[in-house]
Amino acid sequence: MFFASDNGSGVLPQVMAALSAANTGYARSYGSDPLSDEVRRLIRQQFEAPDAAVYLVATGTAANALSLAILTPPWGAVFCHRNSHLEEDECGAPGFYTGGAKLVLVEGDHAKITPATLATALRQTPSGSVHASQIAALSLTNITENGTVYRPEEVKALTGMAQAAGLACHMDGARFANALVSAGCTPAEMTWRAGIDVLSLGGTKNGCMGVEAVVIFDPARAWEFELRRKRAGHLFSKHRYLSAQMAAYLTDGLWLSAAQKANAMAARLSAGFAALPGAQLVHPTEANAVFAAWPRKGHRKALAAGASYSLWPDSQPLDGPEDDLLTARLVCSWCTTEADVDQMLAVISG
Amino acid sequence: MFFASDNGSGVLPQVMAALSAANTGYARSYGSDPLSDEVRRLIRQQFEAPDAAVYLVATGTAANALSLAILTPPWGAVFCHRNSHLEEDECGAPGFYTGGAKLVLVEGDHAKITPATLATALRQTPSGSVHASQIAALSLTNITENGTVYRPEEVKALTGMAQAAGLACHMDGARFANALVSAGCTPAEMTWRAGIDVLSLGGTKNGCMGVEAVVIFDPARAWEFELRRKRAGHLFSKHRYLSAQMAAYLTDGLWLSAAQKANAMAARLSAGFAALPGAQLVHPTEANAVFAAWPRKGHRKALAAGASYSLWPDSQPLDGPEDDLLTARLVCSWCTTEADVDQMLAVISG
Amino acid sequence: MFFASDNGSGVLPQVMAALSAANTGYARSYGSDPLSDEVRRLIRQQFEAPDAAVYLVATGTAANALSLAILTPPWGAVFCHRNSHLEEDECGAPGFYTGGAKLVLVEGDHAKITPATLATALRQTPSGSVHASQIAALSLTNITENGTVYRPEEVKALTGMAQAAGLACHMDGARFANALVSAGCTPAEMTWRAGIDVLSLGGTKNGCMGVEAVVIFDPARAWEFELRRKRAGHLFSKHRYLSAQMAAYLTDGLWLSAAQKANAMAARLSAGFAALPGAQLVHPTEANAVFAAWPRKGHRKALAAGASYSLWPDSQPLDGPEDDLLTARLVCSWCTTEADVDQMLAVISG
Amino acid sequence: MFFASDNGSGVLPQVMAALSAANTGYARSYGSDPLSDEVRRLIRQQFEAPDAAVYLVATGTAANALSLAILTPPWGAVFCHRNSHLEEDECGAPGFYTGGAKLVLVEGDHAKITPATLATALRQTPSGSVHASQIAALSLTNITENGTVYRPEEVKALTGMAQAAGLACHMDGARFANALVSAGCTPAEMTWRAGIDVLSLGGTKNGCMGVEAVVIFDPARAWEFELRRKRAGHLFSKHRYLSAQMAAYLTDGLWLSAAQKANAMAARLSAGFAALPGAQLVHPTEANAVFAAWPRKGHRKALAAGASYSLWPDSQPLDGPEDDLLTARLVCSWCTTEADVDQMLAVISG
């Protein structure tokens, strides 16, 4: 009953096998090896973007912060959701990598920016005068921190507004595959065809060991990205082992099938909560994360039975009246089983 | 009829005289001259703070950003009002000077933080986990950007909450003298006795040519401040000319009488608006700035007559229905006259 | 005949096996897993440093730059050799991570700082005045970029001078194990007993996939390190896979035997060059890197035969008189074989 | 007998008069006033550069660091002399303002870079590879820190090499007028016609109160400069008082006559040292600074008589054998008198 995070899950067998297979003889370092060529080929092909620049790093925070750093000057303002990973979970990485740019926090239910909330944020953020930060970029997180999904037409509506205001557009796709299979669209439809300039394409949470790709659809700033990556210590010497993961992940639809599995388990769990007396869903379940509330006594039972998940926020006290609803986040991954889900639901209601 | 800003006014005659008087022979540079000693003595005396470290810079943005830089690490979060100068008018200087720290924007009517809004902001800002920025400082602007004033007991209530949460406390006193005479308290009561650790003490807007003091009540970080100031290019070689201004400003109560004059003119203007049919005050007038709304036709008349002031926000169009209310900011200074005020009111209503 | 770099070699079988073994079920993320506990235990034990703080990152540049960032303020000066990795191979990472600190380049034959060259550099670097950067740290690279080794007593002599000047002491040990087995001393003797405050302990070049430990002997700045690591995107979510590598590396003396193998192959290669008519050694061979010069015609033969190594510097032209000596760097690793070495020598002289 | 620095001298009477004259009524702030227009006109006219962007700041460190920041990315390398102000006297301001760029220190007698030393530095500084900083700019200090002068043809020779390598070219002209009158050329000949892209044009040391102009001959990066200046707190609100200084300085050749006076006094002092038994000149006297060595007993006499100057370096002890030569720097300014010079020489030899 491990639902604490998809990053607590292990590595997909195919990815482990690819790492072993890559461990043969010598290879040129820093991305000049054949496996790294293969990753570039795979991403360009699957995104229908033959000119895209593709770079690998090992963490999502690095992918995001480096991406932003090529999209905003130090005096820029980056629009993102108030609950985005950029704002809440990176210890200020965007400020560090951009040289002090500022995040403008956009509102929106279920961690989604809407055209209305983006319009409000744009209107309230002066720019153009030397006294203000200059508006520079929009970052959308897909899937969001609340497990919801932007569909391509939603992305396009927001990037259209952003582009009209002169902003570059980034997508934080730490769980990009989960969004993709949820929306049922192609990688190109979700990204450059919908106005995205740079994508952080996650691998780690969805079954890799530690690899994320940054896909820069307009390669004009690619060299700057390379220098920033190196300077930040994110250029791997034994680069083939990043590439081996990503190549396996993108081969034979592994990334999609792993995400489908995770999303299906979340749907099963969500349906269970919907049917559970006294419980309620807090955000729509659209991908692999479930946000549900149920009585405190059910939490006590679940935790006593060894369930692992997060109270969300974690400031909710476990001590208190039995029937108060406490909200939790439960994340499924490629290795979540139906038995895990069913046991979780049974324990709570048992 | 110049009400655009107090920084459009000239230099007090006493300050100009002091600059001329200082222009005699040679002086040691970088603050090792007798006039700089005198400034340190005056500030320590008037703030009843014999151990305070005192440094001069030439702009308010420098004073604020350098002050914050010694109060927060790069991964820190600084609480300030959504409409503070730090957030809106410094082109991201806090991000630059702190190495990427983040501003947490606190709500509050009339640009004032209240215990309730600060409590909300503190509660919504997680800290302690390595994934989040670490809460570090509170900055209060006095007078605020809306012309309101924190009284010492209000400052103390907020700094008390801040200190309990482990925050250092800064006051942006670009218009400190205006706040002081409005509140009718001593410099010590408004600052260190009310929990302020570092003060940006403005001179420029209130009749100096270009000088602000940073007063560090606990001098433990004074050397760091000196290095940051130098490294930022804010250590003046011919330092005596900064000191001459500040010494004159602090002598014979000049800073207070200049602020009293400005505040009195704002009170007269405010009373005029209160009595003007169709006009209304938007924020309480507590110091030297008046925020009032009156019909568009009155704005057209005023501007045609050569009045200088700011529409606030400046996005309000001058074209449109005659009777719509447009809001303006009008700032008085030491050189505003009763005739200016009366003419302004007459033109609008004429 | 691969001698281009030890980072072109693969992963030790024991390390690969440990990665597979770690891939079982769920694990807490971000270093809260049992394997990460085991790494901390192993390093504290082997370094006889029960209080040391231990952190893992994936690259040597990250380990170095993060280490420096906790040892120098932004206005600090860090002494390092002119040919150090910090200066030559990190695209300015120290400047980025420290917020703009400066490297003072120290001279010395064979990429080694000596007491005399350090004394010169210290004498020529004013500090204490607000106009100058403030001297802050010394960084020694062991083994050096020229394949030479500081013995513990040499380290101690330099750190003694540094400490007397108030400097903190860092060791860049990207090839620490190679230095250790060359010097025949214990980890403690090479580090904290010799005055080192923070060590970058390399794993990648010596047979890991991508892991380096930062060992902070005085843990006072450990929390700052954690925040800096997270903020830089170097905190791994699936941290167990960093830990599995490092744990295997430090178990049963694997790190030492791998380094011994590499050093032995370099010694064999070096002896071969010493005996080769027309060739000469450019730097003493003390660990796993050989710097040798031989006639251009020999380089042409080697490269035609598929040998992989670096001309050092790489600006030496392959076109030119046949008998000119060109200098090369050849690096051995845990997987270099005697046959590789002998073939290389045979090809050149053949 | 004040020769400690030209920044110990006062403000030229014409500049003080201009400040008083500017202190009339209201003026628009932040550089939108007529005096600021006049400064832009004067500089464009005198530099024969109608398209140049012109900005004022108050200190030389700000002028230099902001100039460099628009000429190099954070991962850039800037070539400057080992004894330049950038390297020795700005507490790391270039690192702060550029976001961590590195200074490559170029050798050269008398603080002058030569084509030979620049060629060496360029050859020893790899670039192009992602592992190295990228060469970005050259900064020449004129007059140099040793009082020597680059003539236009010397500037051109160096900028030609720099441009061929892809570098932008900056001139630190904190004492630009002294260089100009020494070389007997026009401002255009010394700058853009000789390949300079951005000039720090000093006013402070040569008789202003605190003002430096940054002249950007290619205005493409002007807006970036404005944002960086504001963000650094170097945009003055009461800007007319910077402009009044600079306008007076550039009117009726005041800047040139003040520099001629200072240079003439230095020449007189230098001639005196040349004729003084036991004394010797350490660097050629080409502008307003004299570097001379004379016996310790002469220093004791001079200091006892109240002379103010710097031992260079200041680590030379005043205690020691009477006849040892100690080197001093003596700087003349617009207010140095023949009597000062003659008294100084008389005291030493007396």
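Which chain is which? They are A, B, C and D, in the order written, and residues in each are numbered from 1.
We adopt the following convention: a residue touches a chain if its C-beta (ideal position, glycine included) is under 8 Å from a C-beta of that chain, and two chains touch if they have at least 3 such contacts.
Since this is a predicted model, take the numbers as computed values, not measurements.
Pairs A-C and A-D differ in how many C-beta pairs touch across them, and the larger number is found at A-C. Averaging Cα atoms per chain gives one point for each, and the point farthest from that of subunit B is the centre of C.
For this pair, subunit A with subunit C, the centres built from the Cα atoms lie 34 Å apart.
Subunit D has its Cα centroid 42 Å from the Cα centroid of subunit C.
Centre-to-centre, using mean CA coordinates, subunit A is 51 Å away from subunit D.
Looking at subunit C, residues 74-75, 90-92, 96, 99, 130-131, 134, 227, 230-231, 235 sit in touch with two or more other chains. On subunit C, the positions that touch subunit A within their shared complex are 2, 4-5, 7-11, 16, 19-20, 23-29, 57-66, 90-93, 96, 204-205, 209-210, 227, 230-238, 241-242, 308, 335.
Within the complex formed with subunit B, the subunit A residues making contact are 74-75, 88-92, 94-96, 98-103, 105, 126, 130-134, 313.
Taken in their complex, subunit B has these residues touching subunit C: 30, 73-75, 99, 130-131, 134, 224, 226-228, 230-231, 235.
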